[in-house]
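You will see chain A twice below: alongside chain B first, and alongside chain C after that.
On to the complex of A and B.
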């Protein structure tokens, strides 16, 4: 077996183990809460007989181990179950909500990755300039702000007061959603040539993306700064400078590639945090993605929905980190040689 | 007072003497029959006819912290779902907007048998469902049986039911095992669905087409659902074949949108982007009052907030201790917390609901008397009392704070916990985890005032049986009165019984009657003449009965 095959097999094995632990842990923890989801599902005014009927219908009157085995069997067959609240299959609900979340998270991720790396590079190159210090201080302040609070402030100031951006949603009330191709409104609008819908979708993304990016930006730029600063002290940099290599060529062609490993690791982790962190931002901006669904599910003790969304987020996290792991040998030939 | 008379009283209010005499004459002439009255008052029976639209297009938006995730009218039974259900579906009768009297909807009249066990409804002719199916008695019976067989949501209101049947194409009969005088007040909660949709979407595994009705609709109401996205918005549009005429100023389309932040909701309302809101807190109502583009609607809430005192846990088994807690409670602080939006609660029946006993004095704080009672009860200083409220409801947390500030100087230690719903219900169902003091919002869900008493004081609903009798109060006379109250159609007997029940519950010191909140709803100014449906703690507005004031 080649090194790459061994590497991939090891990572896949670890990913499966992580998924099993997360699925089991989520199931057991959610059922450990001393709440009666049948009562939540039956409604506030339901009598005890109705609550028991709902418990029976949803299988909640079964022993816990039985519920666990049924659940695991269903998950392995690709069946995520029935929502206790909507009483309908979970898969269509997730399929409807997932593109909204991915669009938000991917936009935030790209903005954070591109501008965070550039900011880190600038901070490492000009460590003592006033502008750099200001950037560093501002980004740290962004990290210190609670994401939901910052989202509400952005909404109240830039949407409600200044009216620069829409207050909520993915599209304005007057804009028809573009034909469903990917579920990403920006992409679907572009593909179908609906420029006004594209513009509307982009402008609706600004505040939610800013809320998420503010939270992540400082970490990205700090890690990038540290990594670039370390690389800039290496002998090969001094040699390149002595040979008269231009600053831009030095940074983009030589330093960037060597500085990327820790940045990629951190970005991989950040993708998972963004998926989880989007819940509150989606709620504030009525985004209608997985976060909104999760929020409702948490309020109603909708265990199957909570478990399904946790599973989706975990799978996304595992896949992204697997991709990150596979990128190391591509970016750094030394790892391939090891 | 019997149910029909309660409704009649509301309907007759505001009529001229001549109109009044005419109608009393009609009512008197038909003995036990109870046809509804056409009138020009706000509670008049809607007239059938038009259907086509004479109104210009008006699109309204209702926003709330949650949207319905299942719109099946046989299942959805919370205020979020009812906002949709009550605009899309109808029952045989309906409540007057904002009131407690019932009037015709899909039925034009009903009669009651002399023994009070058979109700016969005459259906309105010419009504069609959104999918084109015609309304007839079979459709109604199928729909009512569907509610009964699914046995969730509104099925909990079916009291003493024997069965539904059609005795003609336009005649529906409801038979009861025992008389229940308040059945007409239940009928608005039993929506009728299209028999064609039911037939088309039912399968052997899903005989009631629950999967289809979870995200689709087919009713007779003024609006039909055109899109369903519970994470963002649900849109409704005008039913052009509606049996009532569309008049100028009536909303012709609407959206239900999701917005988890009430501050944002108010901003949208002020900016003219939203017309109606769901339930809001007194703080937000006070803020709304200051907004220039917003009108704050104030209506009777038909709700009381109580703190049940759990008699199963010492020292609450001692009547003196219970009385001391009731006397120690700071009612004015609670009223201030509610920004004055409401009144004192003096009994289990919400003020303004038919049958409410206004002669029972309002509770008031008397710390000296409370201290004396505790001393005579012999409760050791430092005794711990556990208060359990529902997390996320600030008034319940505040009730815990009020208890701490008033009872701790009297020698008690008060532990306050506010877990998320439905954890309090689970905790209260077990003697080992139940609190000494809890919190309940008692809302009238029909015009039967005994429902709130049955819910929180009947021995059939003890906390240990999974019910809301969190005082764990048992009283054989009260149980017997509850049965007798619904069974009699004599107004005098009903008044005697409901008064006795209220006075007994108050005299036995079963709960702190903390407050009776008003319904407070901010709306865009042009909807300032609208009425919300307060029954059921709903905060639901039927758009068809709203008229733009602009």
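On to the complex of A and C.
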């Protein structure tokens, strides 16, 4: 077996194991830790008999071991259970909410990754310029911002006061959602050629994306800066400078690829943090994605829903980190040759 | 001759010794302000009444949602309570619990990391695979899930955040111990049959301490963000407890009528987190051995 195949097989195996453990973890959180899940399912005003009936109906009166096996089997078949509140399957509700969240998270992620790496590069290239210090200072201030509070500030200033951006939601009241293809309003609108809907969707994205980016930007730029700064001290950089390579070519063609590894690792972790952090932002902007569904579930002690969302977000996190692991040998030939 | 006279008349340029002395003086001043910051926050946690002269629980519906003024610096909330007093008393919960979370997590993490780094291979594997499981989740979502399973409350938040915070300390301590273990002074201690726990507590931990302090300080900042976030989602402090995240959550229904109610409490969170990061950076620099 070649090294690459071995590498891929090992990482895939590890990811599958982690996923099994994660599913067990969400089982514990939804079935074993809550004091009385049946009570939560039956509602606050249910009588004892009603609670027992609900427990029986949902299989909550079975031994924990049995419940575990049933849960495991269900989840592996893609059945995430039944919401205590709506009493319907969870999957359609999540499938409807997922694109909204992904659209927001992917946009924030791209903005953060692109501008963060460029900012890090600039900071490493001009370490002592006043602009660098200013950028560094403001981005550290960004990490110290409570993301939900900053979202409210943006909403108050740019939506309520200045009226530059809409206050909440994914589309204005007078815009019809574009035909459902991907569930991403921006992409759907483009695909169906509805320019006004596209513009509306983009304008609705600005403030939520800005809140998430402010929170993550400093981390990206700092990791990028450190990585670039380390690379810039290497002999090949001096050689390139001596050969008269222009600074932009040096940074983009020579240094960037070498500096990429730690940046990719960090971006993978960030994706997961964004998926979790988006809950706070979605609540503020009534975004209607996983975060909004999670918030409603939290208010109602809807344990299956809470754990289903936890599971979906964690699976996404594990998959992204797997992709990152598999990217290393692609980006860095040194790893392939080891 | 004339040239010499002109040179003598001009003030001598500061020599390296003088520059160093001036830097030393500046450093002596700046060395103390992190301690001052810590002192201020601890004072506010223990004696909030020093800064807040009103009762954070006193209802006054007649004066609901009053704008900030001389009497109510941050205005009043929907029940006429003084928002500034609620914020200052809220520091006790938001910052106090975050400090507790990180300290408990650091102790648990250091103990388990010590076990992993110095104990048997089995213990090492057990601890490390457990941290793997915890780190497989995005920390915020895990904290939310744990807190939701336990039911809302301040104790819940404390447990949930401690549960997601200890693994990083276990890893940090274990990694450092593995490196330290090869040092001659540890080998010497072993050679004279010093018990393992004594080696850990007396010989190794003091080496890790400066780094741990820096990490703890910065983490307290991030714990404050996580803590107020959980409270904002309704998982933490329950009404009428004044907790900064919960205050902002309550204020969300009134953002358009009363801008001060949701915005001003956030300044306290921001100030607390910035203080923690600044103190942490300072400790990091001290631990790194570079000049202050």
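As a working rule, the second predicted complex is superposed on the first by the 330 of 338 C-alpha atoms of A that agree within 3 Å, B and C clash if a C-alpha of one lies under 4 Å from a C-alpha of the other, contacts with A are read in each partner's own complex, and residues count from 1 in each chain.
We adopt the following convention: contacts are C-beta pairs under 8 Å (C-beta built on N, C-alpha and C of every residue); 3 or more make two chains touch, one makes a residue touch a chain.
The structure presented is a predicted model; accordingly, all values stated were derived computationally and were not measured.
Colleague: Look at where chain B and chain C land on chain A after superposing the complexes, then choose clash or fit.
Modeller: clash
Colleague: After superposition on the shared chain, which partner residues are touched by A:21: those of chain B (first), chain C (second), both, or neither?
Modeller: second
Colleague: Based on the superposed arrangement, let me know which partner A:204 touches: chain B (first), chain C (second), both, or neither?
Modeller: After superposition on chain A, A:204 lies in contact with neither partner.
Colleague: Based on the superposed arrangement, let me know which partner A:136 touches: chain B (first), chain C (second), both, or neither?
Modeller: neither
Colleague: Have a look at where A:86 lands relative to chain B and chain C in the superposition and call it first, second, both or neither.
Modeller: A:86 contacts chain B only, not chain C.
Colleague: Output check: A:42 vs chain B and chain C. Expected answer is one of first, second, both, neither. What do you get?
Modeller: A:42 contacts chain B only, not chain C.
Colleague: Touch test for A:295: chain B only (first), chain C only (second), both, or neither?
Modeller: So A:295 meets both chain B and chain C here.
Colleague: Between chain B and chain C, whom does A:313 touch in the aligned arrangement: first, second, both, or neither?
Modeller: In the superposition, A:313 contacts chain C only.
Colleague: Just chain B (first), just chain C (second), both, or neither: which does A:283 touch?
Modeller: A:283: touches chain B and chain C.
Colleague: Report, in rising order, the residues of chain A that make contact with chain B in one complex and with chain C in the other.
Modeller: 33-35, 152, 155-156, 160, 283-284, 295, 299, 301.
Colleague: Would you mind writing out the residues of chain B in touch with chain A in their complex?
Modeller: Answer in residue numbers: 61, 66, 69-70, 72, 75, 77-78, 151-153, 155-156, 210-211, 214-215, 229-233, 255, 257-261, 263-264, 267-268, 271, 273, 419-423, 425-427, 433, 445, 461, 465-467.
Colleague: How about chain C: which of its residues touch chain A in the complex?
Modeller: Going through chain C, the ones touching chain A are 132-133, 136-142, 144-146, 148-151, 221, 225, 228-229, 232-235, 245, 248, 252, 255-256, 259, 262-263, 265-266, 269-270, 273-274, 277.
Colleague: Considering the complex alone, what residue numbers of chain A touch chain B?
Modeller: 33-37, 39-40, 42-48, 50-51, 53-54, 83, 85-88, 96-97, 100, 152, 155-156, 160, 167-170, 173, 283-284, 286-289, 292-293, 295-296, 299, 301
Colleague: What residues of chain A sit close enough to touch chain C in their complex?
Modeller: 18, 21-22, 25-26, 29-30, 33-35, 140-141, 143-150, 152-153, 155-156, 160, 272-273, 275-277, 279-280, 283-284, 294-295, 297-299, 301, 303, 306-307, 309-310, 313-314, 317-318
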